[in-house]
Structure formats: structure tokens, C-alpha cells
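Below, chain A partners chain B and then partners chain C, in two separate complexes.
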Partner chain A sequence: MSKTKILLLCFPALLTITPFLAACFFIFRFSFSANQGAIEGFSFTPYLELADPFFIRSLLTTFKLASFSTVIVIVLAIPLALVMATVQKPWLRRLLSVAILMPMILNLLIQSYGWIILLGPTGVLNTSLRELGLISRPIMLLFNESGVLLGLVQTALPLAVFPILTATRNISEEHIEAACVNGASHWRCFFDITLPLLKPGIISGASIVFAYNASAFAIPLLLGGRRVQMLGVAIRDYISPLFNWSGAAAAGMVLIALTIGVLALANYLTQRWTVTEYQS
Partner chain B sequence: MRVGIIPQQSGGSYKFTIYLLASLGLLIATLPVIIIALMSFSAAETTSFPPQAYSLRWYIKMFELFQPNGENSDASLQIALLTSLKVAALVMLIASVVCVPLAYVLVRSGGRLKNGMELLFTLPLVFPLVILGIAFLLIAESLDLELGIWRLVIPHVALVLPFVLRNCVGAMSSIDIELEQAAISLGASPLRAGVDIVVPLMKPGIIAGLVFALIISFNEFTITYFMYTVDVTTLPIWMYSRTVSSLDPSTLAISFVIVLIDLALILLIDKLLAGRNSLL
Partner chain C sequence: MNLHLEIDAVSKSFGHVSALEDIHVNVERGSFVCLLGPSGCGKTTLLRIIAGFERQSSGHLRLNGKDISTVAPHRRNFGMVFQSLALFPHMNVAQNIAYGLKLRGIKGAKQRERVDELLHVISLPEIADRPVSALSGGQRQRVAIARALAVQPEVFLLDEPLSALDAKLRDNMQIELRQLQQQFGVTTVLVTHDQTEAMMLADQLVVLDRGRVQQCAPPSEVYRKPASAFVADFLGSANIVQAKANAHGSHELFGQVIQLKNKSSQSHSVELALRAEDIQLKASDVNDIEANGEIIMLRDLGPSMEAIVKFEGNQIRVRSNDPELRLLELGRQVSLQFDPNRCIEFA
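Now for the complex of A and B:
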């Protein structure tokens, strides 16, 4: 194919991705602006001003919720992937895949309605606990960190299940059988054989879940109310009540660095491990 | 081959724990949608659970909301739905028109161009949505652009490009170059061979990509939250603004209809990509 033809056929697609690249560049440039409301001059002030309690607290909240949710998601995703890998009936397999994919396909807004009905002050859980006489006042599960955590776990679950499911292809029956013949217990087999073989899938799943949840916006907005200021929501506040656009841009750059850093680290780790396994 | 991952006969506490955690994961993934489905058929005014009686009253209410010029019709809802559909249609049209030629070039030329371009067009997938929303907002505001419906179409196109391109490349890879060469040697121009031979063969992949685009654009919340205006509002934003204070069961009916449409579309993709297993 000639160069002109290649360029001609690529051009429309490059044109449609230009606004995205422009947006990336714009937020980068804005984060070094000397003026809060417009791109003007060059300064590190937007970054230096991030060292205030509001931003630090939101960074810590983000870190905490993203880490907790990642751990919980992985603990749930490994058994799910193992079960899916063993299911033989095609219809059951398909049903399971659709059920697990659901949190990803469906509108986050709609899913949070479900959690509000379930966990809200007059929701399913509180009403039934009260009828059973176990509590006298409703437990607050929503509009605080526990509600957000639950939402994050739910929406990110598919992101971990599928990489781990792919990794189960590394496990052959012989591995497990060899261990069992030698008298290892099922738990021993799991921790010594299954888990190490799943490691690449777990690492990539965990990094995707962490990056996705650290930059969550809809879930903390809808389930966290004003009280849980994860980075996404905090950045919104820079824009809307504060009108500090350069601050929002700088905070955004920190979030990008955090998510891309975690993804790159995971990528590096899995590659290094694969290489060592080849060599050994 | 993978029978040994979970023991079939014995297994005791290990097997129990695996199945328990897997069921818990499945429950968390699907619970919000199940609750919405049940509540949307409730006969009661409030969202107390379980419903005392079931009825279709909220679905009837929903139809009345959509009726043009009816007693209970809601013009803002109808406009929002129309905008959502217009945006999705434009996004699907643009994404497919630019991705088909790009996929053709990438598969036929291969090598470094393919890797680089695929990386470039995956970027919108890893970029935090909040930041994209803010970046697009800052561009539109500081350049004072009058974009109308394109405020939403441009960012949505960037979001769906990775999915559409991936499906087009997948479809293109399985097309033999000899089919094209045969057409050209029989006297067809390269353009004609592309349009008459290659595009029809790519059709399942193109359609699967388009359905992905439809699902993503129609359900998009985060970027739209930053970009919408009074004149350009989509259905998810309409639902959000209506339910900020309290949940209305007719919104749950709308939600469940959207859920059903999304599920039907996913099953369609599954059918189109039968056996290729490239849902993720």
C-alpha cells in the first residue's frame, strides 16, 4: 500500500481522536497555568496549592477505598473465575458471563438506584432488621464510605473476573492431580499451585480494578453524598463551587499519574515474572 | 481438562468456601438490578420492600410520560430521550465510518503502524472519565464554543472508538486478501473491491462494534454530567436530575426497560461474535 493511501484511510479516524488528544493536552497545560480561570503564563502554583487538607484528605480517602475495594474484589473474583472455568454446560456458562458482566454494561445510575432501595434509611435491609426487632434506629449504610465501597466492589467485579478466568487456562488437571496424589490437602493445592498459576491474571485484574475505582465518579457521587470526597468528586468541586480550573487540572494530573502508574507497575511485574518463569 | 480446579467428589471446607464466595460475588453483581426489577412492578406508592402487591401501574405511568401531548406527558423526558438517540446515532455513524478504513489499513499493513495505532486508540479506555469530562468542559468553556449536540457527540465518539476499532480489526483479520485480489484482477477498482467485497465480509464485526457504541453512548453518565446544558440533556441526566431528592417508581420502570434493552443488545453481540469470545 502506498503512503498516501495509508494516510488517507487513517485520516478520518485520527481526526475523530484529535479532540481527545487535545483534551489531554489541554488539562496538562492548564495544570501549569498561573491564572486559576484561564491558561496564562507558567507556574507550579496549582500543584503547590494541592498541599491543603481538602485535597490530601480526598487523596487518602481515594487510596483507602480503591485499595479496600481491590482486595475485596479479588477475594470474590478468584472463586467466581474458578467456578466459571469448571462449568461445563454452555447455557450455564453464558448465563454466568452475562450476570457477571452486568455491572459493567448497565448504567451506573440505574445500579445505584438498586443500592439506594436496598440500603437506604427506609430500604429493604433496614426495614427487615427493624421488623425482626434487631435494631431500633436505621443503620446508615449509604452516603458514607461503606456504601461507596459496596458500589465500587460491585461495579469493578467483572474487570477482575475476566483476566483471572483467562489465567485459569494455565492450570491443567495434571498440576492439581500431581499435588493431590502426593497427599496435599485441597487448601494446600489452592495456595501452592492454583494461586501462583493465577498470579498474572490476579495482578492485571487488581491493577485495572484499582485504577478504575481510584478514578470513580458516578458511584461516590450517587452513593457517597457530600461526605465521601473521592478524587473524582473533589475535582468536580474545584470546578463547580470553587471555579479553580487550574487546581482541578492539577488534581486531575495527580489522578492520572496515580492510575497510569499503577497500571504500568502491574504491567512491568507481570512481564518480569513471565520472563523469569521462562528462564527457570 | 479443567476438572481438577474444583474437586468434584470431596473437597469439604475448601469447596464450600469457593462456592460460598462465588455466590456472594454473583449476588453483589446482580442484586441492584434484581431489586429494581421487583420494585418496578410494585403496586405501592413508596419503595418499601417486598412489594405488598404487584401491578403494572408504573409502566402505565411511564407510557403516559412518553405520550406526546398527553395529560401526564413530560416534554423534558421526551426531548432527553430524543437527544440520547440522536447522539447515539451520530456516534455510531461516525465511529463506523472512520474505523472501517483504519481497520483495513492496520490489518493489511501490520507491523509497527498497527501496534502504535492500536495503542493510541486504546488510550480513551484507560483515561479517567472524570478528567475527560472536565477537560472537554474546560475546552468548550474557555474557547466559548457553540457546539449544540456535538458537545456530547465528540466525547462519546472518543469513548467508543476502542470498542468499534477492536471489533472491526477482529473482523478484518479473518478476511483473506486473495478475495480482494481476485476482485481486482477481474477488473474492479481497489475502492470497489473494498466496498463490495471487504465491507460486506466485515459486517458482523462492524455491527458488533456499533452495538457496543450504542450501549456506551446511551448509558454514558460521567462525561455527559459535565457537558450537558439545558438544551442538550440525555436520558441518564434527566433521570439523575429527577431522582436527586427522592426515587420515583416510574423512574424504576424506565430503568428496567433500559436494562432489558441493554441485555438484549449484549445477547445480540454475543450471537454476532459467536465463538470468537471477544466480549472483553
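Now for the complex of A and C:
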């Protein structure tokens, strides 16, 4: 196929992406606006005004929760992907895939209310524990950072499982057996062979999860009970009660920069880690 | 005689399917044993039991007289070359070879020395820093062998390692492999379905079929005195033929009278093997109907010619480098001649 024909086929996709890119550009431009409500003039004020404790705390919370949730998700996703890779029966494979994909299929609102019904102050767990006389006041599992973390982990898990599952195709049973004959125990095999060969899948899975969770909005809003100000929620507050459009735009830019920066750093570090490890 | 690895009454079944039945093989120290058989004969299962990846259903494995039946594969100190070679793609050549050394706590200069030594043994000293993906087929092969031998294994196992190579390279690698094995003096067990490869490499052949040992002997003995029709047929293209009993207490084959050594089978027809290269063809008259066969296929194998002769409904394979065979043509009536001493009787 000729190049022009391919470009022609890409045209609809390019058409849909154009308004999005235009919006991105306008937000970028807005973040340098001298006026809070409209694009006017040029100024660094929106960025300088972000240097207040509210925003800094929000940034740190976002970074912390996105990082923790990414680590937890990857730790949970690796065994899940390895188990899925060994499943031979097609129907069982499909069933597992659907089960893992469920968080993507179900509405976030429904999932969040599900957690509230289970773990909320008047939820199943707290009511049971109180009935049993083990607690007198409900344990606050939700509407704080741990609740948000739980939600972030649960909703992002499928995003990590599938890239890692794809990476398991790099590993043959004979690789593991070769390490084993060479004298490696099961755990050595896992750390020396399985994990390094899963690396591409882990990196792409972790990148997607981090980016997805850093920009999370519904989960911190519903499970954080307004107390956990992740950036998504903070940006909305700039717009909705404060009508500070340029501040929201600047905060959005910071969020994008944070995400890209973390992904680039993680990528760089994992590259270095693999290069140096075997030279010792 | 120095017994190193002893496979004693090993059986293996997967559910109701029996893969190996009562296998006895004694492997001498420093010898090269080939497990030979058609696909599905159980040879790979037996190798995997020796390596420890499969647990036998019954029987024992002994190494230097000690029972290792239940020892985990990573504690057996064996070296193995896999069919896919299974070089670690995320390590370079030197790291691959050094992996087993690293696990044994051999580090630094000592490790480098050993890796260098092995790279020299496989005559590839310049590829240490190359990624595995940049190697040719033959180089990968050698690296896989070096990785297995680096740890000075008790037993060296190979699972059809040469099957992926083209014919010329395979031939070279067979010679190299044999030389390496003798140089290291390592006890070796190789699985193959290629009878030429097995003949060329082994001190001891173990011919397997349907999970049973058919014969266990040096290659020349297996070739000259195959224990069964299966072995005769599998090693070299032997013709399995029926010699008919005649009225005088002896037998006839291709119209020629032969005396069999096995007296118990005097009265009925006997199954014999006769190798393709032990039969000569002679163009005959059309009148001499009785002893005639008809050439139904001819092919030039380069150094020799092969003919397939239809004789009394059987297809007999004849191979010869006699220039006269080249003068025969398709459809020609021929008589089959052979030296009776070359007939192989089965016990």
C-alpha cells in the first residue's frame, strides 16, 4: 500500500484527535494567561500562585498515592498474569479475563458505592464487627487516604495484568528449566529469569497505572470524601468554586509534567539497573 | 568399568498412559549414551526424569551409587542443553555462561577465567560481550554447550540439540560435540531421533520404542546384531523379509537357500533383516520368472544408487555404489542376490 493511501486511512483518526490537541494547546496557553477567567496577555502568575500549601500538599498526595498504588498493583498483577499464562482451557481463560477486566466494564460510581456498602461507616464490615462487640465506634477505612488507595488499586489492576500477560510470551518453560539445571532455586529463577524477562510488560503496565491513577478524579472524590485532595479534585476546585481557569490550567500542566517526569525517570532507572546488574 | 549413573527399573505413567516401562540403563563414567527412538517413544521423558523435571512413577536413579530419585533438579549439579537452547535473552554470552558459576558463588577473576576458558574451548573467544540475539545458529549452539559445561556437571544432558541446524552445520557440530565430550571426559546422555547422529556420537546406544528399551549396546553391535525387527528397521534402512521354510529343513529367500543358526524355527517361515547395501541386483532373463523382481523406483543418492524392487508383493530396498546399478532402468526384471551370512536373525 502506498504512503498516501495509509495517510488517507488515518484521516478519521487524525480528525478525532485534532480537537483534543487543540484543547491541549488552549489549556497550555491558558496556563500563561494574565487573566484568571479568559486568555489574555502573558504571565507566569498562574504558576507562581500554585506555590501555596494547599496545592503543594495536593501534589504530594497525588504523587504518593499514585506511586503506592502502582507498586501494589504491579505486585498483585505479576502472579495473576503468570497464573493466567498457564491456563490452558479456553473457557477458563475467557472467564478469568472477564473477571479481571470487570473494573473496566463497570461504572466507577457503582464500584465506589460497592466499596462504601462494604467498608463504609455503616457498611457490612463495620456493622458486623459492632454486632460482634469487637468495636464500639466504626473503623474509618474509607474517606481517607487508605480508602482512596484501595479504590485506585482495584480500578487500575486490569491495566497492569494484560501488558504483563503479553510479556509472559517471552518466557518459555525451557528458560526456567535451564536456570534450574544451572542451580537456581524457584525464587532465584523468578528473580533472575522471570522478572527480567517480564520487564517490558511491567514497565508499560506500571506507566499506564501511574498515569491513570495520578489523574484519578472519581475515586478520590467518592472514596476520599473531600478530605483527600488529589490533583484531579484540586483542579476541579480551581474551576468550580473558584473560577480560576488559568490556575486550573497551570495545575493541569504540572500534573502532566509530574506524570511524564516520573515515567521517564522510572524508565531510565530500570534501564540502568539491568545493565549494571550482571557486570558485577 | 565404573558405573556413574544408574537408571534402575524406572517407569513413568501420565494418568492411564504409560510413557516408560521398567527402564534399566547403566551409564559408565565418561561415556556417551544416546537415547534413540521415534517421536513418542519416551526418550525425552526419560531425559527429563534424569534431569529431575519429571518424577518417575516407580524405580530409582542412582548417581555414584547414591539414590538421587527425589533430589530437586537445581541440586543435581547437571548440565543440560535444551532443544530450543533456551539461552537467556536478557544476558550477553559471557553472562549466560557465567550464570551457573554465579549461583555457585564463583565470582570476579575466577569467574572471568572460567568463562574465557570455555569461550576458547568453543573457539569463540571474541563474542563474550555480544547479546545472544546477535549470534548465528551454530554460535548459539556452542554457547548453550559452554553454559552447560561451565559448572563442571556430573552428567551432561542434551535434548535433540542439533535438530534445528541445517545438515552441513549439524555434521560439523556432531564432530565438535564428540570432541568436547571426550576432552572434558564428562558423562553424557543425548536424546535424538536421528540414527546417524546416534551412531556417530554414542559409546552406548539405548534404542527405545513405545516406552521400552529395545536394545542397549554399542552402536556397531546394534547395527550388526539388532535385537528386533524394530531396531533393524530403525537403524539403517533394513529390509524386513520372510524366509520361507522349504521341504529340506532349511529356508529360502529370494530363491536362494539359506541355513539359519536358530534351529528352533526350522519348520515355519522366519522374519529376517537384510540391509539395503547387502543386496546386489542382477539383470535377469524374462524367462527366469521364479527369482525375479521388478525395479519400481530408482534414485541417485550421489555416492550410491538406490533401487526399490518389487519382489513377491514386497518392496525391497537395495543400495549400492556398483556402477552396474546405474545401467539398470525402471521396469527391468532383476534377481536379488546376497551373502547368506549377512542375513540378520532375531533372537
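Assume the second predicted complex is superposed on the first by the 239 of 280 C-alpha atoms of A that agree within 3 Å, B and C clash if a C-alpha of one lies under 4 Å from a C-alpha of the other, contacts with A are read in each partner's own complex, and residues count from 1 in each chain.
The criterion applied here is as follows: a contact is a pair of C-beta atoms (placed from the backbone, for glycine too) under 8 Å apart; a residue touches a chain by one contact, two chains touch by 3 or more.
All of these numbers come straight from a predicted model, not from anything done at the bench.
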| item | value |
| --- | --- |
| Clash or fit (per the criteria above) of chain B with chain C on chain A | fit |
| Which of chain B and chain C A:182 touches, first, second, both or neither | second |
| Chain B or chain C, by number of chain A residues touched | B |
| Which of chain B and chain C A:67 touches, first, second, both or neither | neither |
| Touching partner for A:144 - first (chain B), second (chain C), both, neither | neither |
| Arrangement angle, chain B at one end, chain C at the other, chain A at the vertex (C-alpha, nearest 10°) | 90 |
| Touched partner set for A:117, first chain B, second chain C, both or neither | first |
| Contacts of A:172 with chain B and chain C, given as first, second, both or neither | both |
| Touched partner set for A:196, first chain B, second chain C, both or neither | second |
| Chain C versus chain B - closest C-alpha approach in the superposed model, Å | 9 |
| Overlap of chain C and chain B interfaces on chain A (superposed complexes) | 172, 175, 177, 180, 185 |
| Chain C - residues contacting chain A, complex | 51, 53, 72-80, 82-84, 86-92, 95, 99-100, 103-104, 147-148, 151, 157 |
| Interface residues, chain B side, partner chain A - complex | 1-7, 10-15, 17-22, 24-26, 28-36, 39, 46-50, 94-95, 97-99, 101-102, 104-105, 108-109, 113, 117, 120-121, 123-124, 126-139, 142, 154-155, 157-158, 161, 165, 215, 219, 221-222, 225-226, 236, 239-240, 243, 247, 251-252, 255, 258-259, 262-263, 266-267, 270, 279-280 |
| Chain A residues touching chain B - in the complex, by the definition given at the top | 1, 6, 9-10, 12-13, 15-17, 19-20, 22-24, 26-27, 30, 38-39, 75-80, 82-83, 85-86, 94, 96-103, 105-118, 122-124, 127, 150, 153-154, 157-158, 161-162, 168-169, 171-173, 175-177, 180, 185-187, 190, 194, 211, 215, 217-218, 221, 231-232, 235-236, 239, 245, 248-249, 252, 255-256, 259-260, 263 |
| Residue numbers on chain A that touch chain C, as the complex places them | 170, 172, 174-175, 177-185, 188, 192-193, 196-197, 199, 274, 278 |
